[in-house]
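Two complexes come next, and they have one chain in common, chain A, joined by chain B in the first and chain C in the second.
Up next is the complex of A and B:
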């Protein structure tokens, strides 16, 4: 079966700083795949390479079989992307934001309303309100609606729950689970270990290296929490010879 | 096409929702035009003149009377000889007219030769005012003395702006400045804002071609600039009385070219700047200063040191302001500004080409 996302030996340096070091993994079609790692682990860089905003120094990446470098234009029309700190257009209303993002993908809000209905219906009473006046959780819902309105085949969510309250975070993950029925592959990153359990599979990433990939249950050491396992893996990695030259 | 219109609508909403900015953008040109036209003026009016006369003879009183009737001067009264210095120093008067003791005899030609009938003492701390006041006063005296004048008759004949109204000169300058302000500054800030807010990433990861993102951003500012053009032209014509005898079609055409050029500058700045403040500084310092200094807006480019003069050729505003002066004040026809139109068009095309080439459809 063809993979939704496939990353092979991708390396990316910013000057002497190594953001991604020979990263490889694959995401199945319709899978909810979590990228778990602390700030500065390289999550955002990986998202930008997959969404064709950055070109890797070496290695290849494909999204739905399309090459992230050569076929970047075609990738751009089949993916949905919610960057970290994505803040919508604060001075436009909820409705206007949604209509605008629908229009840039050439779709009509009405035609694809079904896919966003479970999410958007919660903020619809505030349709005329400016996005800047929404609470953090509502902004998140609106941003997700905007990323979904064109029925993307793959959804990239970069730290969508950072800075959102616990209840909204939990609701957000319920929504992602609800998207399964549409067969959308989702790559989501988070620094929160407790959210990892909501994913089908997760990759632990630190300082540009993928430490381990497995289901949330299998990835844990026997009797340990995910956090303990992660810390053990990082320590183990630091003990090894560092291939990638770092300035700090 | 529908997609593009949505983009334009969104950009217009950004502008319309920001009431303060739109008031500033529409209001500033009007305020500047009126300010330069009426309030700030390099014309010399109402020079305060004091008179020092040892004897108030009939002819002296007549001369002072005509001084009082002249709108260029304000008569500040008679002062004794020893107060001349104090009067000028205190600023009570900008000029003192000192009549000789033998005024009548000198005028009649019965005094010894080489005697001066009148001395004009001027406060030179403001050279513009004092030079004009001196010229005005001698001209007035000459007209009173008539035939008996012992001074050379000087005929000044000034073309194009016979009253030497400075407001005429400022209107083209304001136009040159405003379009850079509205187009370059606002466009660059609005593009960089999207980069800062992270929305540019989303726009790039969409099927929209980056060029359309840019054009859609430019259209509302283009419309705003046209509103500014109209308001300044109307004010110049009806409030300031600028003649505008030249080709109106040429004024509009060259302004539109210049507006597009300014938009191109804005785009170029936005490709360099990563923060709104930087965009603001670049368009403020790097674009505005040369316009003020090298375009002939404030002072003639001929007055610049020779070494700086070549710079004026690469400042688009210089060509624009020159052309607008020719059209508005000298009243030239279309073909009088063909050179300027050609140069501005070439500049516009090259700036847009560089800016579009630099505009990346990725992040780096």
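Up next is the complex of A and C:
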């Protein structure tokens, strides 16, 4: 079966700082894949490479079989991206934003309304309101609607729930689960462990390295929570690091 | 085309909702035409004159009354001696001192004694121009006295006639050049800020992950400002005609053609600076530096001919030099595009050059 996203030995440095260190993993078609890791782990860098905004120093990445460097133009029309920072036009209204993103992808809002309906219907009463005047949770719903309006094959969500209240977060994950029926592959990052449990598979990532990839259930140590397991893995990793330094 | 259209609709919506921009593009041309020409005028008026009259003759009284009557000169007071006049100049009450030596009145009909004029160099423009006005007034007075006695006009009397700007109204000279300020601001400054604001707000991140072509995106930012530029330029020209009675001596299309070329130059400079900066603040500072250099070195305020030779050579490399020349000549003298073809060609060359530079500075990906 062909993979939706495939990352092979991707490395990216910013000067002397190593953001990604030989990262490799694959995401199946239609899978909800979570990238779990603390701030500065390299999650956003990985998103920027997959969404063709950044070129890796080495390694290859493909999205739906398209090379992230060579075929960047084609990738841009088949993926939906929701950056970590709210990036819609705050001075345009809710419906104007949606219509704008539909038009630059060359689609009609009416034709693709079914896919965004469960999400967009919740903010539709505020269609005339400026995007900048929405609450955090409503902003996320609008951003997701705009990222979905052109029926992307792959959806990239960079920390979509950061700074959103607990109820809105839970609703947001329900919506992601609802997207499964459309066969959209979703790569989502989050610093919250409770959200990791709702993914099909997760990758634990820290300081540019993938520590472990598995289903949330299998990744957990016996009798421990996901959070405890993650902390143990990071400490183990840091311990290795210390030994290396001592041996020098 | 559909994408460009939606992008432009988006720009217009954002522009209209901006609390400041719509007011700016209306107020700016009005200020440029109604206010700026009065401020930037190089006409010196009310030059305060102090007179030291050692002579006290009929002739010196005539000179004094002539100075008193002058539109440009203002008689401050008449002093007993030079030191007391100098004291007032030091306090800034007097811009120029005229000393009439003893026996001047008697000498006038034979071999005139020398008159002395001192000008205050602290405000060099007022001092030097003021003392010239003063000398002209005195010479005119002497000429009248001598000719009434049937004597010849003294040799070396400078007679100045002003061509093309017959009233030598400085405002007429400045208005065409000030219109260029408008093109610099609206054609260059505003699109640059607009472009970089998308970077600063992060909205460019979302746009980049769409099929929108970067060239189309940039064009959508420029087209609204180009339209505003032409509307504002037309408004300026109308106001100049209505308020100052200053029509375009040449063809209006010659003005618009030069403006179109220059707007392309300024927009490309703006796009280039926006490409190279990450924040509005950076763009502001670089743009300010560019604009100031343009205004000070290109002959907008001071004549290129009076600059040192090296600076004159620098002006050849600045696009505003050519459009300032075109605007002034077409406006005041009425030259055609064919007569000024070298200047139009220079502007077109700069337009191509800066377009290429703007395209080259655009970094596709980090």
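Simple rule for what comes next: the second predicted complex is superposed on the first by the 239 of 248 C-alpha atoms of A that agree within 3 Å, B and C clash if a C-alpha of one lies under 4 Å from a C-alpha of the other, contacts with A are read in each partner's own complex, and residues count from 1 in each chain.
Here is the rule we go by: contacts are C-beta pairs under 8 Å (C-beta built on N, C-alpha and C of every residue); 3 or more make two chains touch, one makes a residue touch a chain.
What you see is a predicted model, and the numbers here were worked out from it, not measured in a lab.
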Using the overlay on chain A, decide if chain B and chain C clash or can fit next to each other.
clash
Check whether A:87 is in contact with chain B, with chain C, with both or with neither, and answer first, second, both or neither.
both
First (chain B), second (chain C), both or neither: which does A:230 touch?
neither
First (chain B), second (chain C), both or neither: which does A:25 touch?
neither
Does the superposition put A:120 against chain B (first), chain C (second), both, or neither?
neither
Quick check on the superposed pair: does A:51 touch chain B, chain C, both, or neither? Answer first, second, both or neither.
both
If we overlay the two complexes on their shared chain A, which of chain B and chain C does A:106 touch? Say first, second, both or neither.
both
Indicate the residue numbers of chain A shared between its chain B interface and its chain C interface, in ascending order.
48, 51-55, 72-73, 76-77, 79, 81, 83, 85-92, 96, 99-101, 103-106, 146
Partner chain B, residues of chain A touching it in the complex
48, 51-55, 72-73, 76-77, 79, 81-92, 96, 99-101, 103-106, 146-147
Which bits of chain A are touching chain C when the two form their complex?
48, 51-55, 72-73, 76-77, 79, 81, 83, 85-92, 96, 99-101, 103-106, 130, 146
Going by the contact rule set out above, which residues of chain C touch chain A in the complex?
2-3, 6-7, 10, 13-14, 17-18, 201-203, 205-212, 365-366
Can you check the complex and tell me which residues of chain B touch chain A?
2-3, 6-7, 10, 13-14, 17-18, 197-199, 201-208, 362-364
